[in-house]
Structures are given as structure tokens and as C-alpha cells.
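The chains carry the letters A, B and C, assigned in the order they are written, with residues numbered from 1 in each.
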């Protein structure tokens, strides 16, 4: 029997459960005792995060924040979880062209499009109807919200966050740990750790 | 023989006809005599709205305005139409996760995504590629245009109108009979009856 | 054996190869000698553009610029290529309603939606998840980027360029050879040859 464990009983966990195909059962874990025994997106919450260590089940981390996903991965590795246990979840209504790569632990929801030669790293979350075009590179732990559109040759840094319906001009680079606001139009490189918003996008503050 | 009647021979009627599957025939009704005998989206306009009362056919109201849909529902109920005759039309290329609900009379066009635990009321119109995420609640007679993206836990009030490509931050509430303009980015609650536009969205006037 | 030739070994060529179904082989041509013998999106670059003249293969022009596509069509016609050799490429995950038309040489990528009575001309490129609604007319050589949304009855002129995630109000006309910027919201007619940007879109300069 194949089992998928959703790590964090979040809204994203329910969305991921709906996207995952081919598992005999899907359960969740969460450190919040109050959620144990409850159900999220059809998946029962069976206990705290550390219970996954002793099973051979597939895992996927379902926190909305890439930084938190990164911390959880480190914690799970400390528990002795091997990296090959992280599943790649791609909704059947997503389109991933031959020649594209999606790393373990990443989640692509419905309507996501990877047109050609796109590289998506590990533990990346891509919400519905986001579009990655030719030669885009999306690093580990990035979060790409619904309806985002990337031109060709865009590079998205580790744990960067792209808000809903934002769009990025071709060949632009987005730094690690940066934030692009909802509906923003990014025409120039976004430096590491900064938050930019607007049409066109401009810096609002240096992240601390 | 199963029949679907499109109430109002509009552009949306043609779009709804293209989304409806499994009917033996699709026809339309419209109060405009000039349209009788014409064809909209493959559906022949057979007469005025009241002719639907005496048939047992499924019905779906195809006016772009939620307020007009509400008036037509009231009128049809006056004619003796029972609420169970309103069909739910979901395009085969939409994605509705298990656990989501879509009410009678609602229309979801191609590429619409309901990710998890989404509740869509009655007589709601959702244009292509709009995205509703976890725990969104969309009330009766709302109209959601193409490419709209809602964060998790958003509440959309009755007969609200969300313009093309607008996006709404998680946990925001949109009041009844309000309007969010095209391409707007809504970060805060939108009060009942108001019209907000821009990035970020701000009020432009109180609706009269 | 059926062959499709991608004219221009571009990023769009790789995307088009991924969208094309039913061909026994796909190859590319490009005037850049440096690309001969390389592979783009799985398609080998077999030589310069003029080599296509002597084959009976299907053709599709894969330059991002509509003006360049127009020049290449003229050049291929000079070589004796007949217009019936231009293929229409529609990704299997696009939705084209019955009653819509898409001309030869045009490319519709994944998630593109044509809802009802839409007319798309020749050598039009439509990137993923763009939405055309009822009665839209898109002229030859237009380029429509990812996530664009058009209201009903919009007219897009020849070789016009609509940037990513832009949206256009219903019944608006976009002039030939014009540009609508990324993320822009177009509420009024856009004159021939002009570039408009912003929310709402305003002219930034008259194209030279």
C-alpha cells in the first residue's frame, strides 16, 4: 500500500491531497496537537511531524512559506529521513513539457504550465494556472502563487515568493529570499532579500 | 431527450453552450423578439423567457450581470419554475477538487480551478482560468471574470463583480453588490456596494 | 512520414514542438549557422530557412515578433512555399470551442481558452493560459503573451503585441502594430502603432 504524508495540516495540504494521484492513502502530520484526529482535504492528521521518520511513506511539505519548508526539511533530515522520500506532486491538469525538470518535494497545482526546458528545484510550490516559459529556472523552496507568468529565461532564487498574478519580464533574475507583490510587473532584476511591488515593481523596503 | 435552455441569448449563452456536456439539445430564450429564430453558440432562440415554464428542461441563466440573474430567477420562480431545474454547468477543462461545492445555476468555464474546500453558491458565473483556493466562499449571483485569483479563505459577497485578472489577498472579504476593477489588487476588505480599483485597490465611489 | 519544420530555432520553437501532436518528426531551420546541428526542444536544426522550400513538410514560424513572422512568411512565399503548408498548432490542453476559427500558421499553447465565436487569424502566437472570450477577433501576426484576458467583442489588430497578464475591456479595439505593456489594463481603444502601459493603460510614446 502506498502512502503520502502531508507535512503540515494547512490549506495547502488539502490542495496537495487533491492534486496527488496514485496513492492508496493520504494522511497528514502537524505539530499542533489540536489538529490531531481532524481531517484536512480528506487526509486524517495522525500526529506530530516526527512520526513520519519511522515510516517508509512518501512525504511532501505543505507550508506556504518556503523558509518554513526549508526548516522542516532540515528537521526531517535530522530525524533520519532520506531525501529520496520526498515526492513530486503534479496535478493531472498541469502541463509539463518533455525536457522540463521538477525536483522532489515540489508541488504543481492544476493548470500550471511548463512550456519548454524549464527547471524547477526541490520543495517549490506552484499554485494554479501559473506559467513558466522556455528556459526558466526556479530554485529550491520558491513559492509561486496563482496566475503568475514568467517570460523566457527568468531565474527565480531560493525561497523567493512571487505573489498572485505577478508577471516577470524575460531574462530577469529574482534574488533569493525576495518577495514580489501581488499583481506586480517586474521589469528589472530584484535583489536578494528585497520586497518589490507595483506596476512596474519598485522596492518598498529591504527585508530584515 | 435531455434539453438545456439558456436564459438570455447573450455572449455568455454561447460560452455556456460550449461548456455544457451531456445534453441532447441546447436552446435559448430571450425577451428580445428580434433574436427569435436566430442562433447563439449553436443554440436556437425559441422565444421569450416565459416559454421555459411549461417545459421540464434544465435551465441556466446567461446574463453577465448578477443582479439581472437574480431578477430573472425571481421571475422564473413566479412562473412556477422549481429551483431544482437550474443546472450546474462545469466545463470539462475546469478542475473542481473533491470536497468543493458548486450550487445550481452556476457556470464554471474552461480552466477554472477550485483547489480545496471551496464553496460556490447559486447562479455564480466564473469565466475561464479563474482560480479559487482553499476555503474560499463565493456567494450567490457573484460574477468572477477571466484570470481572477483568490487567496485562501476569501469571502465574495452576493452579486459582487470581480473584473478580469484581479487578485484578492487571503482572508479578505468582498461585500455584496460591490465591484473590483480589472487588474486590481485587493489587500483589504471591500465594503458592500462600493467600487474599488487599482494596484492596490482603493475606492472610487460609493455605488448608488 | 509527417514532418513539422519549426522556422527559427527560438525558445518559442521548443514550446511549439512541445505543443505539436501527431507528427512523426519535428525539425527546425535557422539562418544562424552556429545553430545548425544543435537541438531545440527535441528538434534538430537542419540548416537555413530556405531548405524548407524543397520539402513538402508542414511549417510553422516560431519568432516571437509578429513583424518578423510576417517578413518570414513573405520570404517563404518568394521561395515558392504555398500557404497551405502552414500548420495550425494547438496544444492538447488548450480549449477551442466549436464555432471558433484559428488560422494557418498560428500557435496556441497550453491552457489557452477560446470560449465562443472567436476568430484568430494567421501566424498568431498565443502563450499559455491566455483567454479570448465571445466574439473576439485577433488579426494575423498578433502576439498574445501568457495570462492575457480579453473581454467579449475585442478586436486585436495585425501584428499587435499584448504583454503578459494584460487585460482588455470588452468591445475595445487594439490597433495594428501596437503594444500593450505587461500587466496593463486597457479600458479604451489603443491606436495603431502606439505603446500603452499601466493600470489603467496610457500611451507612453508613439512608435517610430
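Keep in mind that, in the parts below, contacts are C-beta pairs under 8 Å (C-beta built on N, C-alpha and C of every residue); 3 or more make two chains touch, one makes a residue touch a chain.
Note that the coordinates shown come from a computational prediction; the quantities given were computed from them, not determined experimentally.
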Cα-superposition angle relating the copies chain C and chain B, to nearest 5°: 120
Homomeric contact chain A-chain C: same or different residue positions, threshold half: different
Interchain centroid distance [CA atoms averaged], chain A/chain C, Å: 31
Contacts with two or more other chains, residues of chain B listed in rising order: 93, 111, 129, 147, 165, 183-184, 199
Residues on chain A engaged by chain C in the complex (per definition of touch): 93, 95, 97-99, 111, 113, 115-117, 129, 131, 133-135, 147, 149-153, 165-169, 183-185, 187, 199
Residue ranges of chain A touching chain B (in the complex, touch as defined): 11-12, 14-15, 17-18, 41-42, 91, 93, 109-111, 127-129, 145-147, 163-165, 181-184, 198-199
